[in-house]
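These notes open a run of structures that come right after.
You will see chain A twice below: alongside chain B first, and alongside chain C after that.
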Partner chain A sequence: MANVLHIVVCAGIVPDPLQTLEPVTGPNGPGLKNEMVLPAVLDPWAASSLYEAANLAGKNPGSKVWLVSLGPKAKLQQVMMTVAQKVAFELVPIDGPIGGFPDAHSTAAVLADAIAALPGLDRNRLLLFGGWESATRGAGVTLQIVGERLGITDQFQGVDQIDLNEDGSFEVLERIEGGRHQVSACAGTPAVLGWATGNLAEPRNNPQVGMANMRTIMPALQKAKPTTLAANGLRYVSVSLPKQQRTTRVVKDMTPDQIAAELAEWIGAE
Partner chain B sequence: MGTVSLPEVKTMLALPGDAVRQIQWRFSDRFDIQMLVQSSRSVARGTVARMVAAGERNTHEWTPAKNEMLEAFDRSGITAAFMEPEEGGFIVGPKNLALSLAAFELAWVDGGAATASLASFLALAPIHERGTQEQVTRYKTLAAPPQPGEDRTPWRGAFALTEPIPYVGVDTGMLSGKLRVAEWKDGEEPWLQVDKRGRFITGIAFANFVTAAVMSDDARIKGSCVIIMEEGDEGTFDRGTPTKKLVHQLSSTGDPIFNMKVPASRIIGGYTVKDGVIVPNYNHGEVIEAVFRRTRVPVGLMTAAKLLSAVEPVIRYQRERFRGAEGSRPGSLRYEQGIQQREDALHRLVDVWATGEAATSLGFAAARLFDALDPLEKHKTAVLKEQGIQGGRSEMKALKESEQRALEMLSLKEGDPRRAELEADPLVQYVLMDAEGNVLCPATKLWNTGHGANMMREAVSLMGGYGITEDCPGFLANKWMDAQLEATYEGPEAVQRRQLTVTMTSEVFLAQFRAWTLAMRRIASDRPGTGACTLASAMNLWLWTLNYLQKSTDPAGNKLYHGQRQGVTFALADALCWLLASRCQILDVLELDARGAEDAVAAEGLAGTVQFLSDLCHTQAAQAAGEVSRICGELVFGYNQHPAWDEAEHRNCFLASELEELEETMPGISAMAVDVLAADGSHPQKAGPCAGCAGSSEFLRMQNKLTTCLSGSRLAKDRAADTVSKVMIPEALDYPA
Partner chain C sequence: MSVNTSNAEALEIERQTMEVDIACAGFGPAMGGFLTTLTNAWNENPADPAFESKVAPGMPLQVLCYERADDIASGVSGVVTRGQSIRATFPTLDPAEIPMAAAVKQERVLYLLDPIGASRRSFTLRAADKALRAAGKLAGVRDDAFELAWTPAFLHKHGGLVLSIGQFNQWVGSHLMASGLVQIWPGMPVSGPLISKCTTGKAVEGLRLADQGVEKDGAPSDGFMPGMDVHAQLTVVGDGPVGAVGQALDDEFGLPKGHAHREWALGMKMVIELPEDTTLEPGTVWHTFGYPEPEIFGFLYVHPDRLVSVGIFVPSWMNDPTRTAYRYLQHYIQHPALWKYLKGGVLRSWGAKSLEESGRRGEPFLSGDGFARIGEGSGSTNMLTGSGVDEAWATGTQLGEAVVELLRAGKPFSQENLAATYEARRRASWVERGAREAENARNGFHGGIVKGMIGMALAGLTGGRLSLHSHIPPTHRQLAHSAPGIKLKDAAELALADGRPLHDALLSARGWPEIPFDSTLLVTHQDALLMGGKVQAMPGFADHVTFRNPEFCISCLDKTCIAMCSGQAITLGEDGQLAFEREKCVHCGACLWNCGQTFDGEHSMIEFRAGAGGLHSAEN
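And now, the complex of A and B:
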């Protein structure tokens, strides 16, 4: 029998990066101004992991992909109208608060409980995927804690590639300092892989895939139970956007080498 | 940057998003359509926008890059949206709303891309509407994108109706394309010779098949028909030269020439042989009527999309206008608000936005109506067929009774059991919707594109000189130009006005119009801020004017409301469009108000969103009322001869001496008299004694009421302008420019 994988992807939703993101303090702590009404997307790092998961599942017949996502279910539904057309998966929605400021331990606990309760999940075949970072406000530890709670100790972060061997073992390429990769060998599942960008392009929308996914997504969204996340004493003193200055020039006649040289000069000057 | 406390918000927080629009335009429960919207948006703001930014519009020829756009349509499901699931599609049932939304999303970036997506549908539409089952299966299956595992290129089509001068632009009943019998052996199917020259034919550069309107040039063929030709058929399939359009360059247009031999089974809808004559089951008029009443709606929505797409880039331009200048420091009013410090800039953008909302509401109302009408039409055809009734005139005659039942239904009060009984009758439902569709379709095509093009000019002007450059974010100058083509193709404005002059006087439509007027008053009672009362008054004035004109003559005794008197009929048709658009806009906001709370995303800041959109409704209703008042006033008074200072008219004037006497018994009367003749016969310096006409007092009373009904509309505009100056927009446009 081929390597049958059970891949669970943890992916949150974040405001579309083009939106104006302005921190505000509300009654429930910090958040982003008007976040609920801003268009949302699947966190791009986690989205990479979803596409890698689908690709891996496609190469290993009998495998299955679950997408576990915590967020307001109305918002999740909006995002699914695009994401569901990309690749085949089963959505496990958890109706929770929006925003990236809840305590990572509470979030991880809810996610781990939802994964543990998945019917038909074989935890010996489990690959737990997610984003290495979040496009907005990732604590950087949530996926690791989910893995720990599920008893998975083989964990890899900044993953760009996984190569599965016939005996179920696999090699993983992880990003390390200096723009290099570290190659790790793992005896087999279960494992946690926090993905960087991977190597796959974003799949094009395919409504046929979307319609197939929707048969399970809509009932799942309807049944999603509301969840609250405990603060666990977490308190934010202040929240701010990274200091940045965006200066845009439209240049049409520079070679890649010239562009690289200018970037290097600019970085050196900073 | 530290955190700040968020004050309680009662204004619209951000630009209306998908959750709001899905409720307004009634597809929040249709995830198949929602997915199509997302797919279309992704192609529009990705592939299409990159092409436009890269200058792909600068060629008239069909290029490999433009062809890639078609492939993107195939991959993303846009092509398949027209098909049934068994044909390779994914949307079940009528698709007018779905296709309209896809065109809307594409036109948000480029109208030519939207037209390219619609062109193949237009070619397939005659087959879809009137084709035999064999024809439907063959061509829709061939045109469907390849399924997983299939390796083929989908067929694309072109619809060839328009012909070269002198036929171009004339009544589509006249055709120069000819059809003759080429070969007809006993017991076998006849072969036909088709000679057709097309002009401005969309999609011709890549068409694998063409559906062409032709007239019989042979005694053995009766009348006209629409016929299918394939590029592999015997004869000449010359795609002609590309049209040198200044607009919509992402769609292919050319002047093809066909000289081909095809089997008679290619006649759309089939044929019967009677006494040795081939009789097409549908003449070309019947086919194109069924097609155009549906395909014209997406065109109207394309222009509407342009208007709404202009809002975000204009706001960004206005706010950032002075940034970078000396003396414009962060935190200063000049830096933060830019041109939006000025009321005029805000008010003009409110006008553009309000028009976009109204046009969109009108178009999607029409699209939804046709979705509802499609199954009823099939039912009607089946019922009448059972009774042995088929074809245009005999069907119209047979439906007279249903029309009477529909009128009776509309005359009954809500809750009357008889009304419920009549409402449940599918034929009554059909005649009601048919009458409405016959008006909404041309109204959408006419008003959205015609007035929309004018308002696109306004949007361009709001960007200053930047607006007419290639660098203008949102491609606004392109959109302005494109709107002009949208006003022209698939039936220019005069054709739409002509159709309206007939359909808007239908008894069934007018009965519904009266009911809508009453409904607007009721809405106004519950929601006074929407402009519904203003609109109801304008609707009353329009109806009164129509009645008056239908009964009146000019000084020469000629009828005023007459088919040839387009100065009257077309103007009244224009006025009606304003009313219909405004009504649909109000109904969409009410829908959002009623159902917004059910959706957690739409519910966020719902009160502010509804308030703003209501203010836009009020603004638009006031604009509509002004137009209607102006047009009706001109029509009612404009055909009367102005009184002159002659002997006959003097009898209606006071003499100065008479007034002096009357002043003794009626002090103050002199101040009331306007037309007073002096003893020497001299008169006030004006054209003649003030005019009046039969019924003028009633008209003036209504017009006066309408004017007072404008109360509050400018306050609504001020509120809307304030929101425009504060609403949050993204940091950058989500497509390249």
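And now, the complex of A and C:
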């Protein structure tokens, strides 16, 4: 018999990684140059969790998926025009600041409050999904804190698979070193699952799904109230990118071994 | 009912359907103008019963717009525009509101001499160049460039705007979607119009979206999802000059007598971050001609934040089957007049698109039962003034006003009603006046650059009353097939030996110097695609470029489609067959008109259909 699940996906938006991303330090701390003008996408880790959530909900009739997302309303709207075509969900938008450097505790507090206030949410049926990491909010702790604030103690990170049993218990595969998975058994909901990539391909854009989602997304966006995040005394001493170099050179008369040797020397010099 | 699609198998498949009030194909400046006008009228009184949906009673109009690109910011053009129609829609517009926008401050027109001696100049042009060089600074020649002391008013963009169309689209789109009336769905190609027979002939009943989960040839595969049929009372077509819906309508309804799509250009550009000590001011606009080839025009537009759009236009009347673009663009930016500003810059973005340069001579039927056409694909571009965005936006607003008028009058979107409202507005507007003045302005170019400039000046200075006579042949006949001395064979051998792209080998074979790569601005074509254009394509769609007769293509000696392919998406496969990789395609559409062969006297052997993916840079 299918289980009725209430799956809440926490998913932030991030600048489209295909764009030219240039870090800058402004009066409000570190950020990206012209971040507001860059197209945004759903955080790739969290997007995986949304697709897994929709898939799970589809297999368990009566289940429901909420997508809780914090970001500037205009950006959220833009992202939803793509995401909403893929799977069915109800959006819970939180009109907040953009950027990858807000305090994880402040972010988690806002998300947890929004989830706690969801009408019709049964916490005993709750699966809290999200990305195990974030393309911008890289502290890697936000989802865990949200879970803790909601009193959920069963937490799994780096998840690639969940198999639900008829009695409501489930098995989770978490990534560990050596390309292997740790298998955990959990008695049942509620639980927090921070997803890695999962096993599902990105769903096709389905206009009918998009239209159905938009009936709730547009009103939700229009009602979204601005939220500020408490600074909590967080201060960044320095921020730096991993050093990245690109050198293009055309060679015609080198052997593969010579090229490999030169590459090794180049890497060693960095 | 029929749908114009080449995937015959798909016709038998049961499809999902959806009813909306207005279905739109393509989101660009024209559609922005249309939807903004419609939204503004609705905002005056959202309770106005004229705006009540017929398919969802009690709800506002259901207006859906489908855009094939993966984001509405994935535009492909940096432009300078007078912006009169945009300012008319946004009377208090501050350019600072739109990222990368700047008010035009300074305009220059430069004739570029050839500092290398590799371009295909005629004897007359070489003599003129020699005379200019001899006169030197006395004649105003600096950095191998001669600045025209006077330029005619029709070329000016005083009071206009330098824009990134990607950013402009994003800005317009966010306003529209915030209104709640309009839904713009990116990443959703439209395969064609839904056409039915009616008492007056044929009517358009909506749009069919592209099939997903298919093989390269369109055959269903894993996760097959047939494209939905979206039925609408009005279908607005603004999918550009190579859009699948516009092409299908041209095929279905034909073109007005004497009209044809025969004049094209490929615009290719880079967005470059200028060195910190640059002296170029935002709003600076340069128009150039003469280099890298006499037929190639160029531009430089300066945006805020030390960004500049620099590019070239390679026209169809450059009657050389070995014409190309990227390598020319690399030589163009290294011209001394430009390089003194660009040296030390960093490539941020890159892109390419086809421009429909037929203007009014390529104008299709603007409306019919259930449909209307706007923007570049409707022949609105003015090739005398070199202006397209302003006209496109204007045609969109004209249709928007017409639709509001018909809604308020409770009249259907019939050909008669659309002609009396939309077409009437367009015919009475400055867009039409400009189009008529420009109609024959470019005739001379088919006789060479000098004749072309004379013809353009003649038409421009007389308001189109005087012009040179010319017969414009179909595009396949504009190519002088394998003329002696073109060195195509040398280039092909060089490309094969070096593993380099044909377009690159062509110019090397002709004696153009190799490009000194610097890893930041002078980069390989593949780096420009990946670092600049960020080209990608979602899997699951069919190839949108197909060859009507692959066997015939083997025998084609010129293969201009390969050399002119902006993304190296068309290559020479095994056995001499052409190969297409949709993941590399930037959807510029150049292949459509860079084919020297034809199957019907007008159309080329290449078919360009609906497809997803392409450029992802938001800075173009």
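The criterion applied here is as follows: the second predicted complex is superposed on the first by the 242 of 270 C-alpha atoms of A that agree within 3 Å, B and C clash if a C-alpha of one lies under 4 Å from a C-alpha of the other, contacts with A are read in each partner's own complex, and residues count from 1 in each chain.
One rule holds for everything that comes next: a residue touches a chain if its C-beta (ideal position, glycine included) is under 8 Å from a C-beta of that chain, and two chains touch if they have at least 3 such contacts.
Predicted model, so just to flag it, every value in this text is computed and none were measured.
Would you check which partner chain A:Ser48 touches, where first means chain B only, second means chain C only, and both and neither mean what they say?
After superposing on A, A:Ser48 lies clear of both chain B and chain C.
Quick one: is A:Val24 in contact with chain B, with chain C, with both, or with neither? Answer first, second, both or neither.
Only chain B is touched by A:Val24; chain C is not.
Looking at A:Pro72, would you say it contacts chain B, chain C, both, or neither? Reply first, second, both or neither.
first
Applying the touch criterion given at the start, work out whether A:Gln222 contacts chain B, chain C, both or neither, answering first, second, both or neither.
A:Gln222 contacts chain C only, not chain B.
Should A:Gln85 be classified as contacting the first partner (chain B), the second (chain C), both, or neither?
Both: A:Gln85 reaches chain B and chain C.
Considering only the touch criterion stated at the top, classify A:Met211 as touching first (chain B), second (chain C), both, or neither.
The answer is both, since A:Met211 touches chain B and chain C.
Is A:Val239 touching anything from chain B or chain C once the two structures are fitted on A? First, second, both or neither.
So A:Val239 only meets chain B here.
Where on chain A do chain B and chain C both make contact?
Residues 16, 18-20, 34, 36-39, 74, 78, 81-82, 85, 204-208, 210-211, 214, 218, which sit in both footprints.
Across the complex, what residues on chain B touch chain A?
Answer in residue numbers: 1-6, 13-14, 17-19, 31-32, 34-39, 42, 72, 75-77, 80-81, 90, 147-148, 599-601, 604-605, 728-734.
Can you check the complex and tell me which residues of chain A touch chain B?
16, 18-20, 23-26, 30, 33-34, 36-39, 72-75, 78, 81-82, 84-85, 204-208, 210-211, 214, 218, 236, 238-241
Sort out for me which residues of chain C touch chain A in the complex.
Counting only chain C, the residues touching chain A are 16, 18, 64, 66, 70-74, 99-100, 167, 170, 173-174, 177-178, 180, 183-188, 209, 212-213, 223, 225, 228, 230, 305, 348-349, 498, 517, 519, 523-524, 527, 531, 534, 536, 538, 540, 616-619.
What does chain A use to touch chain C in their complex?
Counting only chain A, the residues touching chain C are 16, 18-20, 34, 36-39, 74, 77-78, 81-82, 85, 201-202, 204-208, 210-211, 214, 218, 222, 246-250, 252.
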